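Below, chain A partners chain B and then partners chain C, in two separate complexes.
Moving on to the complex of A and B:
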């Protein structure tokens, strides 16, 4: 795994050829554009079609198809960006691999199969426990924020201590996700999405309302943050990432300033547009591997199904809460009836009845929590995870696009060289030949990148599907445990009530 | 009540009265009523519609030769059910409460059955010919229109309300009226609240059903991973189905025992209220007559006094019947509530045991499957 991280450094440091005049610089510009701008990727797709000679300036800010035009800053998101938001600020991690890969290729992304198996095994026996707890409000009014205690207990050697406690706020989590996404998504790794930001929920908390809904909100968020961290460390690459380690261990964390991200609605628009753009590209992409097409379709279907399930469960939770309210009201009315009753034994039985109903109300509330925290949140998490998975498929498309662009460029250079053969400009001819060599290198790199990301995705998806089954199984068992517990409690209550009813004389 | 009645006793056993079947034809419900003859092992079965029940009730109200009739707490007859399609469930609920729930009018039939049993068990009312004829005659008596009961339901007229709070001359009755007011109100509220609970339980069961069905739709056999995930979804679907059946059972238990019991109690309290009101009205009449007599001129006085004596005699008779009725009512309602409470508790206990077992089995199965 360490090899992966070293690679970018090497690439960065080993940048060899000095920029050559004129054409070469143009080369760099266009390379940079190709890799950083989705619009350029789309343009390349257009360029690929024969006969097109549309040359739009990739940097045109008024480009109507700018995918980011509508994205607004502000709230963080639950889905990985198509264009990962690169984090600013100091980070011990090596800067992400963006482009300029002209240097000789390095077999850094190739991994042996053995390593894969070993890591998969390690996932199962991962000895690390993370808990997020003790939410504390810091500050007042609209500047207030919640701080959570993150406790990590582990025997893994990459951690400096057995047990670490740090304090983190929500934006710290978002910052972590942003860094991880920018580092790993383009390699095809499925980076677990961070929990959603919620303006309404937080405002209530900030304003200081100590009511039930703010308490529930904080608890929901705490639980979500915990699940987020657990999912993140389950991934072997992410577990060893210095940003993750710093997050879990450092007492002081530099404030994540660029958690400017896209609002939920903005993200949705962007993802949809991106999907459209990708679709245009897909038409051109010769998918040599049916696996990817099938998987993509599967995930699309799964997305729809999970959203439906999520809605169903929300309805269930709602009714359960309503039942709790009604049970409490009935308990009160039964108590009043008991009070009005003259006959002593009957009166006592009715009061007991009221107590039993109150206890049952408690059970309903607990069950509603189980419904929600176990099933509903699980489904919500997976809806978001699926979006991350689809993002990774998109990345592969992009990588493919890069490769194709490189091929096209190479072809052009070759054509240019062929023309120069008959002109008597030996320096230009030499330059052309040099460029051809460069682009041949890029083509090779592009192909390798594409193959690498394809391999990574296959592995990631396989792992994801295994985890998914495990997650769901765990939830089902926990849910059944809660059901069994409720019923056993009920049995106790009814057995206690029966003699009271029989004692009415 | 004693002696002078020439009415024959009921020829069937009160406990054996059952409503065995109900059929619906458009708007009309027809009930099959079976009972056991007292002197033989023969059974009787008749078919009646709601109009017949109404006829019976009205006949009881207008029974002659029953002194102190107004002091009787009449077993309450449930309202008429209107089963037509245009009648939405909310209307039915408003009208009948718990009796509108349950499948195929089961609760409603149960309530009508109670009614007949209670009339048949009443020491005085059981002797009414109308009851015997209702239970035995193959021909439906309801066609005979006519004698409308002399009692009307308590109307909401302001005058009635004023009369209702008229101070009593007898502490026993004043206390009883106060208690009855409280109990009638509390039991009505408790019935309504329990009805809300049962409705929500049913809604919850339906929601569980939807969720379980949606889980089924997630089945996908494309590859090994999908198959594994599908199995998990199906398992969860089974669990949720079980939860659905659980809630259906719990709701049905609530309905068939405590729900019916509270409904009956609530209607009986209303019936007692009506009786007490009738007596109060008589009291007011008596007091009015007394005042009139005092003010009467000499020539009218004797007539007035005779009239006053008659009214007084009536009032005293009503009061003495009422006292007996009240005592009987108190002891019987406690027994009835006790039976319902025990039945309720036992049913819910069994259901809880049944589902504890079922969930445990599922859990065990999961543990075994997933530990492989």
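Moving on to the complex of A and C:
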């Protein structure tokens, strides 16, 4: 396997190569605990109430937010020379961009099981809290937009302050994602996808409809943006990315016009997407690694099932809302019936029934919200995440393709050189030999890239699965607890009603 | 795709409650005449009820006997009561509604069409659900037909009706065909005339306080029951829809559980199992609400209409009486046909007084029955809701316990 081959040889290379962040990590077996990551605050992944600020007990072994137990990193404090490498637009770059100067030495993620367990013991957490709040409408009419306050509380040293507040609009988030995707996706990193645009939703808000649906829309978006940022910073490489840091800290951000659909960059994006789709169909990869084939299949299956589940949950949310409305209508009707009933005790009982039904209607409403904000949104997020994961697998395929192309080219050059040997054209021969060397280099690079991305993907997928397990566990438990609460309330209401019904004489 | 002969034999009706399924009516059955529907058979588009009678009355040839009747024959019996002048002063027990499996049939058909788009397990599950629904509707229609017969059997006067006895005993087909188009049209016009007349009659202020109060009360009550009945139906439908969604969710979770390569697989399977069980409970809640609340309201919608009809007949008789009085005065004034006018007036007077007397008692009984039925049903509803909520709670808590223990 590729890992074995690399063992000692690349150790030296780690420091001389351009500091690609992942080069060195495979080799570090030691657990380097960071002193500047105290176990204070924790990330609250999915919170029922919009503002996330869960200060949980640090010693809680079940803490589900402890997503990066294994993410121990060494950060060189002394020289946080951040070369602001800020890509100004999407660069559909094939050549890797070197984003960070600090050389983080992330721990090995594809290690033996024993070491994994050890890591679990040394629970280290990411000390950063992000909340997105206070949506404000700026401007009027079709040019209006919503501005959100992004608050970052952290004691990590890469941030200049303990607490930062900035104002960001939706396109800023999209811009951030776009930059991160262009920088990291081709290396096999799973970049969390940004929330989706919604023309209908935003138009309503712009036009100024202050009704329930636009309020809900803004809340939905706010919550999604918060989850997006939290997921992004959970990824150790992304957390240190200067674009991310700038997004979280700097008060002014250049407007990300390239995220608009009809901009030049937008068109370029569409062209690239089309090209990618064609490539996917034409590259027929010889998969030598069963792990990848298996994983791809798994993610495909997962995609199908999650989408199905998402659709069912959305239907449930809809029907529960309907149930709430109908229960309220029935409550009113029962109250009217109670009024016209001329037997006093029965009349009173019917009014009580109406009250119970009204309370139950509230309960249904709350339950529908839980259904939605807990489960439905989580599923939606994961459907998009899985798309990103599959995209990363596609990137690997592309990298393989490039490598194969380089090999083909090398072959041709060699053949050309062989032919030239009999043609006595010394300059051309030399040129051919130079080209051969050039392409030999490219082939080597191609192979290295391919192995690099394969390694990265293995690690990323491992981490992704761990997070997935935690996310789903946490959310589903929370959801079940909300169901428990509902039933307890129901019992209370009906227990109060029963004596009233029995009192009818 | 209809189930031919969904007759499970005697077991079918031997569920929770044997004996008169008088859910909505509080009846005293006495040994002299006991009627029930002991069996029922569902065929293509009709239902055959086996009406079983036990009686010590001398009118019948035997002490115990059974006949097979269809819905149209029940309607014939009901209509014969309505058209009988002798019974004008009674609340005629409302006719049972026609067995309606259309909705269920449609759903089963849709399921058949959509068979390709779902997994085998899902399909079997949904099929079972729909069959259970069909069975529930079936039981309800049986119950409603039975209640009608029991009400008649419990009524001191109606139980002696000859048509009723023929209905119970005559073991051949009564050859009561459903009304043809012409007759249905006639009925329609009759109803139009009746409603117009009813408005006129209702306008006449009654001297008697009791009846005046009853008139106002029944009018308002009837409308509100109608509204409550419709709204409760809608609510229960939403509830069923939500339960169906949970069913689908449980299935998908199960598939996820079998496919997942991480620790989540056990998690998903457990949660899927939980949702399967809670979904069944939710479906039961909806079914019980349907039985105890929706059916109750529907029944009293029909009964309050029957009571209104009684008031109408009395009102009509009152108007006739008053007209006869006027006629008599006129005849006496002109001294022409006085005897005839006197006879007419006497007849009307007797008719009116007879109706008034029995109507008063009927309306008082109606109130007693109604209060008792509501009490019984509301208590049972609350008890069932509690039972189901507690069941749900227990399932949820035990599952949470297991899941937490696993981490």
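Here, the second predicted complex is superposed on the first by the 317 of 505 C-alpha atoms of A that agree within 3 Å, B and C clash if a C-alpha of one lies under 4 Å from a C-alpha of the other, contacts with A are read in each partner's own complex, and residues count from 1 in each chain.
Quick note on the criterion: a contact is a pair of C-beta atoms (placed from the backbone, for glycine too) under 8 Å apart; a residue touches a chain by one contact, two chains touch by 3 or more.
Here the structure is a predicted model, which is why all the values come from computation and not from measurement.
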| item | value |
| --- | --- |
| First, second, both or neither for A:145, with chain B first and chain C second | neither |
| First, second, both or neither for A:159, with chain B first and chain C second | neither |
| First (chain B), second (chain C), both or neither touched by A:312 | both |
| Contacts of A:349 with chain B and chain C, given as first, second, both or neither | both |
| Touching partner for A:462 - first (chain B), second (chain C), both, neither | first |
| Common ground on chain A, meaning residues reached by chain C in one complex and by chain B in the other | 298, 301-302, 305, 308-309, 312-313, 315-316, 319-320, 322-323, 326-327, 329-330, 333-334, 336-337, 339-343, 345-346, 349, 353, 465, 468-469, 472-473, 476-477, 480-481, 483-484, 487-488, 490-491, 494-495, 497-498, 501-502, 504 |
| Chain A residues touching chain B - in the complex, by the definition given at the top | 294, 298, 301-302, 305, 308-309, 312-313, 315-316, 319-320, 322-323, 326-327, 329-330, 332-334, 336-337, 339-343, 345-346, 349, 353, 375, 462, 465-466, 468-469, 472-473, 476-477, 479-481, 483-484, 487-488, 490-491, 494-495, 497-498, 501-502, 504 |
| Chain C contact footprint on chain A (complex, rising order) | 62, 298, 301-302, 305-306, 308-309, 312-313, 315-316, 319-320, 322-323, 326-327, 329-330, 333-334, 336-337, 339-343, 345-346, 349-350, 353, 465, 468-469, 472-473, 476-477, 480-481, 483-484, 487-488, 490-491, 494-495, 497-498, 501-502, 504 |
| Chain A-touching residues of chain B, taken from the complex the two chains share | 179, 182-183, 185-187, 189-190, 192-194, 196-197, 200-201, 203-204, 207-208, 210-211, 214-215, 217-218, 220, 222, 225-226, 228-229, 232-233, 235-236, 239, 243, 330, 334, 337-338, 341-342, 344-346, 348-349, 352-353, 355-356, 359-360, 362-363, 366-367, 370 |
| Of all residues in chain C, those that touch chain A in their complex | 217, 220-221, 224-225, 227-228, 231-232, 234-235, 237-239, 241-242, 245-246, 248-249, 252-253, 255-256, 259-264, 267, 271, 274, 278, 367, 370-371, 374-375, 378-379, 381-383, 385-386, 389-390, 392-393, 396-397, 399-400, 403-404, 407 |
